[in-house]
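Got some structures for you, see below.
Both complexes shown next keep chain A, but they swap its partner, so chain B is in the first and chain C is in the second.
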Partner chain A sequence: MIIAERKPIDEILKFLNKHQKVLVLGCGGCVTVCLAGGETETGILHSQLTMARNKEGRPLDVIEKTVERQCDFEYLAGVRHLVKEVDAVLSLACGIGIQTCAEAFPEKLVWPGVNTKFLGVNLNVGEWAERCQACGHCVLDKTGGICPVARCSKSIFNGPCGGSQGGKCEVSPDTDCAWALIYDRLSRLGEVDSLREIMPVKDWSFSRDGGPRKLVREDLELESGQ
Partner chain B sequence: MKADSNLERMLESGSFTVTGEIGPPKSCNGDVVRHHAKMLKGCCESFNLTDNQTAIVRLSSIAAGKILLEEGCEPNIQIVCRDRNRIAIQSDVLGAAALGIKNILCLSGDHQKFGNHPTSKNVYDIDSIQLIKILDGMRNGYFANGEEMRDEPPKILIGCAANPFADPFEFRVTRLEKKADAGADFCQTQCVLDLERFERWMEMVRARGLHKRIKILAGITPLKSAKVAKYMNNNVAGMMVSEEYINRLEHADDPKAEGINIAVEQIQHLKNIEGLAGVHIMAIAWEEIIPEICKRAGLNPRPQA
Partner chain C sequence: MNHNYQPKIVVFTCENSGWLALKHASALGLLIPERVEFIKLPCSGKVDLLYLLKALEKVDGTLVIACQKENCKFLKGNLRAEQRVNRAGKLLKEIGLEEERVRIVYLAANMEHKFAETVQNFYDKIRELGPNRGKVMK
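Take a look at the complex of A and B:
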């Protein structure tokens, strides 16, 4: 899941400073699950914005709406009539939703309401952790299902480095050493000997380093007849 | 001979080898390096030049290495994977070799969080083991992409680090083995401040016959005070300082002198450990003490190799 965090209210107020009427647009996908930009948070932000601007003596007219998924042009088409009414859109979706929104409404300013943090998992109430960096070439088969790209602070492939102590990373005592986790898990599974092999240099061209990525599946294109 | 450096000849001769370390300054003042080179000349086979250690911007290790060459000292330049990708690193290796640098030490590098630019982006295109492998390929005439060099390959001796004080302890020897497999010729360990653990590690190294495949130099760091020792023990990941040393420094009238005594005793003890090729003296921000330690430990004058 994509994990996001609502931006501070002061930052959002600065974005909206020159507007009189805005659409606060929530998303029913990941940001709903991670409690950053779903229907509830959209309602809360609506009240916060209204109160803050009333206090300043220059009220802000706010419409709120939460769509199924903002990363889908189809769902955004459903709010086109609302977008027409406002000066700008404040999107509470992740970075993908915000950009899809901007692409769907080229004539309108679209402001980001959240910081998109990472691809991760919910560990506890109010606690999320990164698990994947979408590097495009999965190595989890070699590392016992624990990702060194996302979870090692140095993204090294032949760890652990000399900064691993007591299972923790040198960067912080709160951070598990990914390679200690990999070593422990493969030891438990009786597969630790596999770590004696040198993992070769990574082909980063599958990652962001190859430029913005695109996936085209011809089988699906053919099937759809388009 | 792979590089025909002083260091390589001494390691090959089987004599107990000594290397030192010089931290380049946080300025373009090459005289600081020159000063250390003049002071330390002749007391070690070669001197490591750190590569922006603890992620603090400093005079480059290759430039410092060139200054050492001018002063008649042999450099061993460190390369970390934190700041450069495989393109920049290979370019630097060619440049260093062109300047006459023959020893290169491959490291992952401290995370930039600890340095003076914590908001920077790290690189880690490759890790230290992959770096060793790339350098081994280069000295055999191939770039990292497999392309054959059209001219003479760089003649370099490849070094690496090992930390017997990091975890998981049992895997530390395997990791050294991977470095030997990758092509490392010698290894300098993290500072040994817990002899008992170091000896257990050496036992495991010998059990696998690794000391016959890679030359191991034990890291020696003289401690200036009990405060420093405690700080290293408690706050630096991958460092261990035994209670005994902390106590001795705490009760010493002159802690600095006691720190030197400990370093000298350690070297004398380590000389008798089977499979150890020598010591690497890292007197952090205290380079001027290296000659005294070498002299008192019976390591100077250096034999010719």
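Take a look at the complex of A and C:
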């Protein structure tokens, strides 16, 4: 899922400085699961904003609402009536949801309430780690299900590099060496010989090299969606 | 300090400790400040960050009374409550309010005297801090 973290309150207060009435819009998708922008976090931010502005003697009227997903225009259509009432929208969705929101409500300022961090996994309550870089051309079949693009600090193929020490990366002792993980896993599976095959240089044309990416599936497209 | 100022506080109590201590304190006629609202929870671990903040929008201070450490019926409820109280304090501090407005205290059901003393001390502390400047309903 997409992992995000709420922006510092000072930054958010600065965004909303000139407004008197705002909609704090949560998202029921990834940011709910990573506890950054779901219904609970929307309520917490509502409270913090209200108290902070009240303390300054400039009350802020806050409406809070959480939609199923902010990355779908259909769900945003359901809050259009609320958006009409406010000066601006503070979106607690990931960068995708925030942009969809801005596109859905072109007449309103839409402020970001979170920093979108990475595509990752929940390791423990309150602990997340990066697992995918959405590079567009998956090589997990060759690396025992461990991604060298996202999990090797240098994104190298045919590792490990000379900076791998005791299974850890030279960049940080807290970071596992992805290539040590790959080697250990393939060894356990009896597939370590597959690493003798040299992986060619990564083809980055599937990634960001060609500019913003788009996926079109004609079998699913409807006339109304165009 | 305004000597006429009477703060309002909310006390979240675990039904296995604080709530029973309140009943015993009342039965013994121990003095509890008037402007204190007690809320019974099935466990202090039920207290959510949102409960604490929503309460603080309306009152001057929030106290959580949990079971003694290592004596939670649900094992870690009191520790979870402690984490949430600490977090609430940090969120208050971030917006320039006093983090002392939210606090957690651990006691057992048979500690009614300590209960009354704790509530009174917290009430006095909040009185000393003055009105909660972030309060929405004055």
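Here is the rule we go by: the second predicted complex is superposed on the first by the 221 of 226 C-alpha atoms of A that agree within 3 Å, B and C clash if a C-alpha of one lies under 4 Å from a C-alpha of the other, contacts with A are read in each partner's own complex, and residues count from 1 in each chain.
Here is the rule we use: a contact is a pair of C-beta atoms (placed from the backbone, for glycine too) under 8 Å apart; a residue touches a chain by one contact, two chains touch by 3 or more.
Quantities reported herein were computed from a predicted structural model and do not represent experimental measurements.
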With the two complexes superposed on chain A, say which partner A:55 touches: chain B (first), chain C (second), both, or neither. second
One more residue to check, A:184. First (chain B), second (chain C), both or neither? first
May I ask you to decide whether A:158 touches chain B, chain C, both, or neither, giving the answer as first, second, both or neither? first
Who contacts more of chain A, chain B or chain C? B
Have a look at where A:166 lands relative to chain B and chain C in the superposition and call it first, second, both or neither. first
One more residue to check, A:9. First (chain B), second (chain C), both or neither? second
Looking at A:47 after the superposition, I want to know if it touches chain B, chain C, both of them or none. Which is it: first, second, both, neither? second
Examine A:95 and indicate which partner it touches, taking first as chain B and second as chain C; both and neither are also allowed. neither
Residues of chain A at both interfaces, chain B in one complex, chain C in the other: none
Help me check something: in the complex, which residues belonging to chain B touch chain A? 81-82, 86, 108-111, 113-114, 122, 124-130, 133-134, 144, 161-163, 165-168, 171, 174-175, 177-178, 181-182, 190, 237-238
Per the touch rule, the chain A residues reaching chain B in their complex are 153-171, 177, 180, 183-184, 195-196, 198-202, 204
Residues of chain A touching chain C in the complex: 8-10, 13, 40, 43-44, 47-48, 50-52, 54-55, 59
Partner chain A, residues of chain C touching it in the complex: 48-50, 53-54, 56-57, 91-92, 94-97, 133-136
